[in-house]
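Structures for review follow.
You will see chain A twice below: alongside chain B first, and alongside chain C after that.
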Partner chain A sequence: MAAPAALAAPMRVVEHEWLMTRRLWQGVVFSMFVSPLLMLGAMGLGLGGLVDDGAGVGGTSYLEFVAPGLLAATLVQAAVADSLWPIMAGTTWLRTFHAMVATPLRPRDVQRGLVLWQVMRSSAIASVFLVVAAVLGGISSPWGVLALPAAVLGAVACAAPVAAFAATRETDVSFSLLMRLGVTPVFFFSGVFFPVGELPDALERLIVLSPLFHAVELCRAAASGTASVALVGHVAVLGALLVAGLRWGERTFERRLGV
Partner chain B sequence: MFGVTRNAAGVLVGESVASGLMPEQPSPLRAPAGGGALIEARDLRKSFGDFVAVDGISFSIERGEVFGFLGPNGAGKTSTMRMVACASPPTGGVLRVLDMDAATEGPAIRARLGVVPQEDNLDTELSVLDNLLVYGRYFGLERGLLRRRAEELLAFAQLTDRARDRVDPLSGGMKRRLTIARALINQPDVVLLDEPTTGLDPQARHALWERLYALKRDGVTLVITTHYMDEAEQLCDRLVVMDGGCIVDEGSPRQLIERHVRREVVELRFLVEADKAAAAVLVESLSDHVEVLADRLLLAADDGDATAAAVHAAGVRADAVLVRRASLEDVFLRLTGRTLED
Partner chain C sequence: MWRPGRLVERNALVARRSPALFLAGFAEPVLLLLSIGFGVGGLVEELEHRGSTVPYAEFVAPGLLVVAAMTATAMDVSFTFFIKLKYLKTYDAVMATPLGGRDVAVGELTWSLLRIAVYSTAFLLTMVAFGLVHSWWALGALPVALAVSFAFGGAGLAATTYMRSWVDFDKVWLVLIPQFLFSGVFFPLDRYPGWAATIVRCLPLHQGVEAARQLVLGQPTWAILGHVAYLAIMGAVGLRIASRRIDRLLAP
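Moving on, here comes the complex of A and B:
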């Protein structure tokens, strides 16, 4: 496998994750591919039928509105969950990360490898999702392919800081709390299911704090083929979050695995 | 089988090899090729906040020997081992491993080490074979080579017929053997084993020792921490006794026993505390060292049977009398005033 030198070590961690995925494929197939598509079917077609009897959302069908949003939301949710419990398994339950750093791999190689794996895993989910969404008529523009990198950026921008946080924890008690009080509200209020303009003004102003909101905006712009200056801002926010998460994670993985 | 055959180094006492380790200053005392200390520590320290785990220890480990760190829990053995494994940076002192600086050349050193940690960290969801292969990939080893090595190592670990099975349901002894096999995948110069048999039943311990002997015969340098005296006596060519983060003595098991204790020990067990206290006074003149423990007295003796007879003649009636060879346990007791199980 030819990888740039800087990625050679993290790629070995990716190989481990890929092997795990292959061995545990039944669960993975359902959570990664089937369940997001069920959501797309239920929301886009079921709920969409009801909404479109009105006038759709801002002139487009509900399926076209919700498909890119669900893409971003699915990826972010999967990436966050995958950056919590599996990290705890590696640092504490199975200690497999300790096995990795007994070899030439360094704690930061483990961290980078895990983020790199999220890029690949998210890309795989996004590809399947996009194809099915396009077939169902949820993607109206050929620019829709750009929803893939947009959604993946959103996913890793969340995965990096969450993994950094997970590496600081001794137990997983805070994880369910983070999912319930952090991820779930963000999932419902970030413009996935309805335009954020429908929110009360106070809440609408807060929504810029949600990484998912920025990812949804990017995906929706791509899926409908509409560009605007605001997109640069969305990319910048997610990019900054990713960089901050990577830097923080480098420190927390080092502290957890190398002292 | 694993790597080149190496000559066992002669027994070294004290810090006789502490100087002149650089390759450009060959010492006449050492073999010209492949000689020299593989691991060399001077005034090595490790602290976690205010807690001092390792308090300025010096030692050197030669190619081909089995070197032990013996001490109770909390003596600093694991912290020392983690520093040698380049998994934990030293707080102070000098640590050179394979002629490299442990503080700055961790990845290059780790590429040539085999590490068997105290707690298993196998991929329990993966198969036995997958565990070997994926671990080998961490070293960047090529897949075809790994397949061949894995096959050899499965045979070595007596796990060939379990190759396709998941690790999770394997017994503790099998998991340990797999962890050792995994540590050999990169054909390491040194294998570090932290408490390799802790938690295993006697049968599994002996099976594991037998595998470690096999490695020793092949000339692999082994570094072992243990709080089992019998393990240290069985396996180690040379060892250091650690207590409270310091090294209290160093030598071969035989040397340590000769240096610190008599050849034999007479154990007198008492069920009643008052009987023990009374007996302690009576036997005082019969041995030059009497150790008073919770339930028994230990009398150092050159001739155990003669001392036991003298004890009897002095009118002492213990609930049980046992004459045995002195062991490292006695050395440890003598050096630290405590038993290992304290």
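Moving on, here comes the complex of A and C:
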């Protein structure tokens, strides 16, 4: 069987990530699982109460509006952060990746393993989030299960190019700037908290450049069970970003770790 | 020269090397204000506050001012302070001079307060530019932001001296995130059941949110003195513990 054989080497990297996570599980549980749910409670229920006293958002409750948005945003943010400093640790600080390529693993196996790990970790976070959101009443359609693959696609589509970039860096000075001046603004203005139609026109036209926007749109369509042709476009954008990121990463990991 | 001032001077010299990070600290609260205050605010009707109606952006802005003060100081006294304490060994060098543990604690906190003073002033001016300020009392929100920074700075320095490794830093978020979300920054306390509102009233961040909001909306009450006293005591106790702990940790 070709597929499992191709994945056998990257799975070793996944195993390493899992062992590391297991040792630090308490922090992971809070930052990855509890904190997004607190956000959902505060925004969806607390702030949502104020919104629903008015007219809601386009006929739905604010909780139904914000839950799929927060799902996509949480996964993208976590995936990007996890593709910056941990990559630097692997290539430079702890040199774990150098240890990995001293085994039969190739640089591209390390890169693919990390992406595969992102898929698994994101899926786990998304499952918990979706179940809680559904119980609170934030997911109105059974199609909501499709928000899981949609959000995971958004997460890896962002993680792949960011990891490729991180592998080219010698120091982490650009990382916190990328998070604070890149990821944070995107987080606030990609239609997570309010419809992009409320943005000034100039910004609204630029919003297609935000990968998070496409992920949010996909998740929201799934959560409310409304399909449209535009969804194909969102999938295509994220898919293209993922493929480009994987290709780029293959080269940057090879250059950084190859002998 | 005032001894902690030497440490402030040292931090200022280091900060000069990364002006972009200094700017980022200013950008974040403004982005939050635009996104939640005006973006989500567009979906929210006006709010009742002490008998008058207030647009949502005016309600949320003073809360964001003190949240920014809390977060920026917390980063200074947890992550940055820990790196210098454990990895860079900055204070081992400092202790070899006439400076002591108390000077380190006071110096770090003073540096953070200076930064917060700059950020808060800039944010308050931004609020004025957006037309969210209608009262001179709003100037009082600056000392409130500094009191929040002093409280979390003092307590944070003390807490960081007990931290063993990076794993302990998840607890920093455990303290900050729930307060950020549930201290009445984004929605008023009447949204909570009675018992939950009582818990929120006891949280340190809520003291700052309430005091700053009353001042910015031009409706100050004597309760502000109580809120500020709470924050001052929290900071002073933290600073005292931190001073002793730094002396003990770095004793030759």
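One rule holds in what follows: the second predicted complex is superposed on the first by the 255 of 259 C-alpha atoms of A that agree within 3 Å, B and C clash if a C-alpha of one lies under 4 Å from a C-alpha of the other, contacts with A are read in each partner's own complex, and residues count from 1 in each chain.
The definition used in the following text is that a residue touches a chain if its C-beta (ideal position, glycine included) is under 8 Å from a C-beta of that chain, and two chains touch if they have at least 3 such contacts.
Note that this is a predicted model, so its numbers are computed, not measured.
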**Prompt:** Between chain B (first) and chain C (second), which, if any, makes contact with A:8: first, second, both or neither?
**Reply:** first
**Message:** Contacts for A:24 in the overlay, against chain B (first) and chain C (second): which applies, first, second, both or neither?
**Reply:** both
**Request:** Identify the partner contact of A:259: answer first if only chain B is touched, second if only chain C is, both if each is, neither if none is.
**Result:** first
**Message:** Taking the superposition on A as described, I'd like to know which of chain B and chain C A:99 touches: first, second, both or neither.
**Reply:** first
**Request:** Could you figure out whether chain B or chain C reaches more residues of chain A?
**Result:** C
**Prompt:** If you stack the two complexes on chain A, which partner ends up touching A:189: first (chain B), second (chain C), both, or neither?
**Reply:** second
**Asked** What is the shared patch of chain A, the residues that chain B and chain C both contact?
**Response** 24
**Item:** Footprint of chain A on chain B - complex, ascending
**Value:** 48, 85, 87-89, 106-108, 110-111, 113, 115, 117, 119-127, 130, 134-135, 137-140, 182, 186
**Residues of chain C defined as touching chain A within the complex** = 18, 20-21, 24, 27-28, 31-32, 34-36, 39-40, 42-45, 47, 56, 167, 169-170, 173-174, 177-178, 181-182, 186-187, 191
**Prompt:** What part of chain A is in contact with chain B in the complex they form?
**Reply:** 8, 12, 15-16, 19-20, 23-24, 94-96, 98-106, 257-259
**Asked** Of all residues in chain A, which touch chain C in the complex?
**Response** 24, 26-27, 30-31, 35, 38-39, 41-43, 46-47, 49-51, 53-57, 62, 173, 176-177, 180-181, 184-185, 188-189, 193-194, 198-199
